[in-house]
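A, B, C and D are the chain letters, set down in written order, and residue numbers restart from 1 in every chain.
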Amino acid sequence: MKDKYRPSHADFTYDAKYGTRAWHGGGRASARETIGRVAAAAVAKKILTSLYPEIEILAWVDSIKDMKADVDPATVTTETIESNIVRTGDPNAVDPMTALIKETRSAGNSVGGVVECVVRNAPAGLGNPVFGKLEASLAGAMLSIPATKGFEIGSGFQGTKLTGAEHNDSFYMEGEKVRTTTNHSGGVQGGISNGENIIFRTAFKPTATIMTEQDTVTTGSEDTKLKGRGRHDACVLPRAVPIVEAMAALVLCDHALQHRAQCGNQ
Amino acid sequence: MKDKYRPSHADFTYDAKYGTRAWHGGGRASARETIGRVAAAAVAKKILTSLYPEIEILAWVDSIKDMKADVDPATVTTETIESNIVRTGDPNAVDPMTALIKETRSAGNSVGGVVECVVRNAPAGLGNPVFGKLEASLAGAMLSIPATKGFEIGSGFQGTKLTGAEHNDSFYMEGEKVRTTTNHSGGVQGGISNGENIIFRTAFKPTATIMTEQDTVTTGSEDTKLKGRGRHDACVLPRAVPIVEAMAALVLCDHALQHRAQCGNQ
Amino acid sequence: MKDKYRPSHADFTYDAKYGTRAWHGGGRASARETIGRVAAAAVAKKILTSLYPEIEILAWVDSIKDMKADVDPATVTTETIESNIVRTGDPNAVDPMTALIKETRSAGNSVGGVVECVVRNAPAGLGNPVFGKLEASLAGAMLSIPATKGFEIGSGFQGTKLTGAEHNDSFYMEGEKVRTTTNHSGGVQGGISNGENIIFRTAFKPTATIMTEQDTVTTGSEDTKLKGRGRHDACVLPRAVPIVEAMAALVLCDHALQHRAQCGNQ
Amino acid sequence: MKDKYRPSHADFTYDAKYGTRAWHGGGRASARETIGRVAAAAVAKKILTSLYPEIEILAWVDSIKDMKADVDPATVTTETIESNIVRTGDPNAVDPMTALIKETRSAGNSVGGVVECVVRNAPAGLGNPVFGKLEASLAGAMLSIPATKGFEIGSGFQGTKLTGAEHNDSFYMEGEKVRTTTNHSGGVQGGISNGENIIFRTAFKPTATIMTEQDTVTTGSEDTKLKGRGRHDACVLPRAVPIVEAMAALVLCDHALQHRAQCGNQ
C-alpha cells in the first residue's frame, strides 16, 4: 500500500496535493472522520427538538446496486430502519439486500447504492433566497460525505422528464395551513422550506477497496498490480445512514439558528 | 399574482419567512440575480487562465425532458455549443430539441432537463480532504442556481448500479503523468482533483410558470385557480448553460487560490 | 502624485502589494468608501431598535491634539454633538477646537485626536466567551476605519496603572437589576456585555496629506520632495464621528442577531 | 464562588447570557484556553518561516502599573526576554518590576500593564485595503486575549498629540528598498504592511481576582461580600507575553497565506 496508489481512492490526489499521505488506514480520507459529525449532530438534534418539538430526521438505504426498496417517507419509522442490519426502511428488501452484499463480499467485489432521507415536521421558512439556499446547503453537506457521487431533492433527475403541468405542486388549504397536493419540490421552494416533508437522496459509489487484482501505478511512476487486503465493507450503505442523518441535522440546525436570528421565534 | 401563490414558485415560502414578497417579477427568486454571478465569473476565468493557461470550462444542454443529446465531454467545443439556440453540444439534437420546446410553449406547458459541464486541463490537487471537498463545493454551487433539483459527478446515480470492480478507475502511466483508464470518479477522488476531466451534471425542473390553469390558494387562505401570464421561458435550459459555467468557474477559482495559499505555485 | 509616494499614505503599500494603484483620489484607501458602512448602519440601527427599543449609540470628538473635551458618556446627547461643527460633546470645547483646526489649516499642517463612543441601554449578554468577544469585534471594527491607530475600552491604557482593588467594578443590586458601582470594564466582562454603558475610544492620527514640503521617493526609486495639493481636511475627527457610530451599530447588530440565534428573544 | 459573582470577572455575564456558568476554575473564561492558541502558533510560525526565513516575532512586558521598561524594538532579543521571570526586554527593569509584583501579592492586591510586540522582517504587502486590514486583524486578535482593554499600533494614542508634519513617515531609498525615516505608522499603511517593523502594544487590566474583601451580589440577587482564594497571579503580564506572540503569529500566517493566494510567491 505504501508504494502503490489504490484505484479510486484518495492516495494519488493526496500525494499530488501534499507530497505526502497516510497510507495505512486512509488518514483523513477514511470515513472514520465522520464520527465527529455524528457526535456534533447529537447536539444539533437536541437544539432542533428544543425549537421544533415534532421534527424528525430519518434516513434509510433506498437501493443497493439495482435492488430498490419500497419505502414511504411519510410513514417509515426509526424502529423499522434500525431493526435490520442493512438499515433499509422496507422489511421485504432486507433478505435480498443482505444476500446481495454477502455474495458480493464472497466474490471479492463491492456494491454501492442510494440513501434516502426525510425531514418531517420542519417549519416553513428555513433557508435563504440566494446565498445559503436550503437545498444548496444540503447538497454541499451530502457531497462532503466520503464516497458520494450525487444528490437530488424532491423529483430530482427523474423530475426533468416531467412537464411543468405534471411537476408543479398545487397548493390547497388544510385548515389554517397551506399544503401542497404533491411534493415534487421535496419540501423546498426557492431556497426556503415550505413545511412539507424535506426529501432528498444521496448516491454512494461501490467501495473502492476490493479483494480483486487491479491495474495501478507505484509512487515511483511504474505500472503495477494491486489487490486489497484487510477488513473492508463490501457495501458502505448501512454505515452511511447515520452519517446522512447527522449531516442533515447539522444543516437544519444551522438554518434554524439563522432563521431565529433573522426572524425571531416562530 | 399579488394575492395568489404561484405553484412551485417561491411566493409562499417568502411570505412564510418574511411576511412580504416582491410579487411582480419574482424579486430575489428571479434567475435575473444570476447576472452578478456570470459577471464575477468573467473575472474568475481570467484568474484561472493566468494560473492554468490550458484550463477550459464548458457546459451544454445534455437532455431536455426525455430527449438526450450525444456529446463527448473530451472533445465538445464552445463553438458547437454556442452555434445553436438550444446550447446543446450535439448538432443532431438541435432540431428535435428546438421542436420540443416550441410544441411545449404552444401547449402552454414547460419542460426541464439536465446541463452537463466539463472542466478540462485542471491540475491535480484542487480541493480539500474533509472541509471544502471539491465535489461538495460544486454541489453546493449548482444547487444554488434557481430551479435545480439535483447534482451528480462522474458516474453519479447510475454509478451506484455498478460493482467496485467495474467502477474503479485503474491508474496507468502516460509518460510522466498518472492517468486513469476510465473516469467514473469524474476527475475528483477524496475531495481533490486528480487531473482528469472534471465532469458533472445538474438537473433543472420544468419551468414553474405555465400558461395553464392550476389549483392554488390566496394569501388570504382561500382555495383558488391561477393561470400564468407574461413572457416566460417554456424551457430554461439554454439560459442555464452560462450560469452553470459561471458557478463552476467561481468554485474552481476559489479552490485554485486556496491551493496556491497552501501549496504555493504549482 | 502619479510618480511620488505620499508619506504615511497607502501609495507605497498598494504598489508593493498589487503593482498598481489609483493615484488620483486615493482609490480604495480613501475614506470615501466608508459611505457604504454608514448606509448599512442605518439598517443595523433599525434592527437594533426593533430588538432593544431603548438602545442608543453616540460618538463624539473627545480630543483634538492635546485639547481634551469634558463629556459625560451617561448624559451626552446627539443634539449637543450635532449642534457644533467639531462634533464634540463639550460645548466649552467647541471654540478652542475650531480655532485649533483653523490655525492648523492655515499653517498647512494637520492634527489628529480621539473619538469616544457610548452604547447605552444595550442588554447584558451580547458577545461570546472565546471566539467573537464583543470587545474584539469592536476593536477590529474600529481599526478598520482609515487613519486609526488605537482602540481602548473602559479603563483602557490608563487602567493599567491602577491596582485590582481600584479597578474592579463592584456589583450591587438596583431593584431587580445587577449593576456595577464603577465601569472600568467599559460594559464588557469576559467578552460579553454586562448591561452597563459600553464605552470605548478610538485614536485617529493626524491627516497624512499636508500642504508642506516633505521628503519622499518616486515610483522609479529616486529621492524627491512632495507638497500636498487640493482639498484636504486638516482634521478628520468631525467626519470620523458618524463612521465610529456606524461601525459600532454594525458590530452590535451582528452580536444581537447571533445572541437571538443562540439564546432566543431576551 | 458558586453563589457570588466575582467583580470584574465573567461570572455575571455568563449567567446573564447562558443561565449557567462553570464557577470553579473559570471555565471558558479562564486564560487556560489560550494554550490552544499557543500550540497553533507553533505551526503558524513554521509556515511563516518557510515563507519568510528572516521573520521574527517578539513580545515583552513594556510596563507594569506605572513602571515603564526601556526597550528598543529593533534590537531586543528573545534571549533577553526569556532570561528574566518578568519577561521584560529591559534588564534594568527586572528587579523593580519583580519587587513590585511581590509587594502587590503580599498586599492581596494585583497589577496590570502593557505588552509590546514587534514583527521584524515581515515583507511589504501583507493585509488588505478595506476588508481584512492588517491592523484590524491584529486589534481583533489582541482584544480576544483575556483581560485586555486596549490596542495601539505605531504611534497609537500618543500619536494623536502630534501634527501631521511631525507624524508623517518620510520615505527614502536604502539601496533598492523603500524605507521610512521614522515609524509612527508601526509598519502598516492603509491596511497593508510596508516592510518596516510592525510594532503594537496591548493593555492588560490588573488581575480581577484579589485576596481582599469586595462588595458584590449573589446569584440570588442579594448584596454580599467576597474575598478571593486559591492560587492567582498578582500580575498576568509575564504569562501574557507568549499569548501575544502567538496571536501575532496566527494573524500574520493568515495574511501571508491570503497574500500568496492573491499575489503568488513574493
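Just so we're on the same page, a contact is a pair of C-beta atoms (placed from the backbone, for glycine too) under 8 Å apart; a residue touches a chain by one contact, two chains touch by 3 or more.
All of these numbers come straight from a predicted model, not from anything done at the bench.
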- Query: Both chain B and chain C are touched by which chains?
  - Reply: A, D
- In angstrom, rounded to a whole number, how far apart do the mean CA points of chain C and chain D lie? 20
- Using mean CA coordinates as chain centres, what's the chain B-chain D distance in Å? 48
- Based on the touch definition given at the start, go ahead and assign the chain network to line, ring, star, complete or other. ring
- All pairs of touching chains, please: list them by chain label. A-B, A-C, B-D, C-D
- Query: Within the complex, which stretch of chain D touches chain C?
  - Reply: 5, 7-10, 12-14, 16-18, 27-29, 33, 63, 65-66, 104, 109-114, 124-125, 127, 129-131, 133, 135-144, 146, 148-157, 159-173, 176, 178, 180-181, 184-186, 188-195, 203-210, 212, 214-217, 221-223, 259, 263
- Message: Per the contact definition, I'd like the list of chain C residues that touch chain A in the complex.
- Response: 257-258, 260-262, 264-265
